[in-house]
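Next up: the structures, one after another.
Two complexes are shown next, each including chain A; its partner changes from chain B in the first to chain C in the second.
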Partner chain A sequence: MHETVWGLAAGARLHWREWEGEVVLFHENSANIHQLSPVAVTALRLLMDEPATNATLVQKTASCLDIDVDAPLQDDIDQLLSQLRRLGIIQAVQP
Partner chain B sequence: MIVSDLSTAGVSRRLGKGQLFLRTGPFISRIQTSIASIQSGIALLYAGFPVYDDAPFADFHVALERPPNLRRWFRPQVTFKFDGWAPFKPLPLNQAFAMFEWGMNWCVVNHAHRYLVLHAAVVERNGCAMIMPAPPGSGKSTLCAALVSSGWRLLSDELAVISLATAGLVPLPRPVGLKNQSIHVIHQRYPDATIGKAAHDTTKGTVAHMQPPAESIARQQEEARPAWVLFPKYTPGHALELQRYSKAQSLLKLVENAFNFTVLGKQAFDCLGQVIDDSDCFTLEYSSLDEAVSQLNALEIPAPCA
Partner chain C sequence: MIALQLDFGGFRTQETTMANETENSTELKSDRSQPMQTTRRKFLVKGVASAAPVILTVTSRPAMGGNFCTPSGFLSGNLSNPDDSRSCNGLSPGYWKNHFPDRFKHTRFSSLFGGVWVDGSGAAWNPDVTLKEVLHFRGHEDRYKFGTHAVATYLNAEYRTRLHYPMEVETVVDIVQQVLTTGVYTDPSTGLTMDAMEVKDFFEGTYH
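Take a look at the complex of A and B:
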């Protein structure tokens, strides 16, 4: 059994605004708006560049933000991916 | 021609025949009613607004009527109609003018999708607009009435109308809705203010409307640049507290207060993003209107609007 690989949902149109380090995401397909944490911004931008598994995304996010890979970060990324999938922003893709 | 150029009988006659075309901001409304309290309310509170006997186009065709049912004899009511259709249940006749005002808001909110429309008051000074979104009970309209009675220009008491093309604030200066104690407060502070007849026992309590300042009406075609987004909150006994507020959070709150954000989609997101780019954002908690007005008069104008 292999891990799920996550990528941007087909046809997803995302727009961003950033003020003083705070990021707001607009998902044009649903017309919903979300405020993202620094971890969420980094992870989503990494997924937009290239599909990744949970574990890979944790590693890449930690590297980008220069933070440790630890259990809280893994939980954050797991929850984030679950939420983004539910919102129709990402989907499982072929590895 | 403005409404006050007509006699009260002239206003009533035109309204009775549906021949009164009233300009408020960018909209022309054709209004028909034989209800005396609305006729006198329009003659008084819209006295300075442009009016036409005929117009090639009206944005909204509205009528306020007494429904022809048995209630008309023992508990008279009023119905608001838009293009001959009644979007709301009738209200007691003593609330007729308030229903007219609420109905006019409904027309803009549901049909003016060439603009982004927010639930917010908007006032202006030196060409710079302050957008004040706030939930009911936060003292938004009272603060708005105090500001426009202290030299700020009224763009709108209830609906912020934003141009999608320019992100500028489009004036829609209609009578300022006052509720409950704020009617007395504004009457006491500004005895020269013209306030219409109060309607009691509405869903919002006692409601009355204040005539907009003449200058606000005269300049109702003049857009203003966004400069401040202010979230006011009236708290009795609270010391004045003005605090900077996160721009990202401000954007989320503006979206919460937008009527047609999902209709307009990315255009609305871009437009509100521009508004937030250009604005300084604050929360204001206050109990003294004098202190609040004085504090807002002293706000520095942000660079994009300067």
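Take a look at the complex of A and C:
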């Protein structure tokens, strides 16, 4: 079983809004609005730039945010990928 | 749930689609280069160290369907309020372990689903393992208990007429095969996906 590569879902239309550091995302396809944590914002933007596996995304996110790769960050990324997938914002893509 | 009307005008909006990605990429990159610098560290620490969810859905559309017995129904309704009283009439692995149909006693998991699952350490199963043997696997032999629930759900589908079980054999096989080969199942009607653990949860939700 290979490691899944995640990328933005085909046709996804996202609108971002930022107020004093808080980021809100409007997902036009589903008409859902989501408030994202800083980790989520960074990781999602990284995925929009380039599809990545879970492990790669953890490393890149940590690097972007200048934080350690630790269990809480891994948990956040696990949760984020699961939620973004359920929301139809990301999908498994060909590596 | 009533949709919240937000005025997105007056603030810079970053829109990106697969088709327009190039068009908007400069704006998106420049925004990313203007991080929340003055408060960045505070929110980083807050985001990583706190127990707050990484994504909080502020508003969502009502569920498109109430049928949690199919993959699309399960995925569509997952963000709303699931109906905990639902029953899809399936029988659990425990039932099938004690009432295993003779006609499947030599059927191999790999022959049926086109691949093998893994144990708790990630090691692949022996390709000769049978459906009956999978039902007797202990937790460390079957990651997430995915294999056990795959077998139980397959048997529920085989006896769907008698059980009034909604899923067909072909659907169950397709779901499991996709997980084994790609790591996820993609529902064709919604485009949403489920990984092995989520598929296990879905299967489990179809039992009595």
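In this text, the second predicted complex is superposed on the first by the 95 of 95 C-alpha atoms of A that agree within 3 Å, B and C clash if a C-alpha of one lies under 4 Å from a C-alpha of the other, contacts with A are read in each partner's own complex, and residues count from 1 in each chain.
What we mean here is this: a contact is a pair of C-beta atoms (placed from the backbone, for glycine too) under 8 Å apart; a residue touches a chain by one contact, two chains touch by 3 or more.
Everything numeric in this text was worked out from a predicted model, so none of it was measured.
Note on chain A: of its two partners chain C and chain B, the one contacting more of its residues is C.
By the touch criterion stated above, A:Ser63 is placed in contact with neither chain B nor chain C.
Contacts of A:Thr4 after superposition on the shared chain: chain C is touched, whereas chain B is not.
Of the two partner chains, chain B and chain C are each touched by A:Val24. Look at A:Ile33: by the touch rule set out above, it reaches both chain B and chain C.
Touch criterion met: A:Leu14 reaches chain C, while chain B stays clear of it.
Residues 13, 15, 17-20, 24, 26, 31, 33, 35 of chain A lie in contact with chain B in one complex and with chain C in the other. Per the touch definition, chain C reaches chain A in the complex via residues 3-4, 6, 8, 11, 13-19, 21, 28, 31-32, 36, 39-40, 42-44, 46-49, 52-61, 75, 78-79, 118, 124, 180-184, 186, 190-195, 198. Residues of chain A that touch chain B in their complex: 13, 15, 17-20, 22-24, 26, 28, 31, 33, 35. Interface of chain A with chain C (complex): residues 1-4, 8-21, 24, 26, 30-40, 45, 48, 65, 67, 72-73, 76, 79-80, 82-88, 91-92.
On the chain B side of its complex with chain A, the touching residues are 246-249, 251-252, 255, 261-262, 265-266, 269-270, 273, 276.
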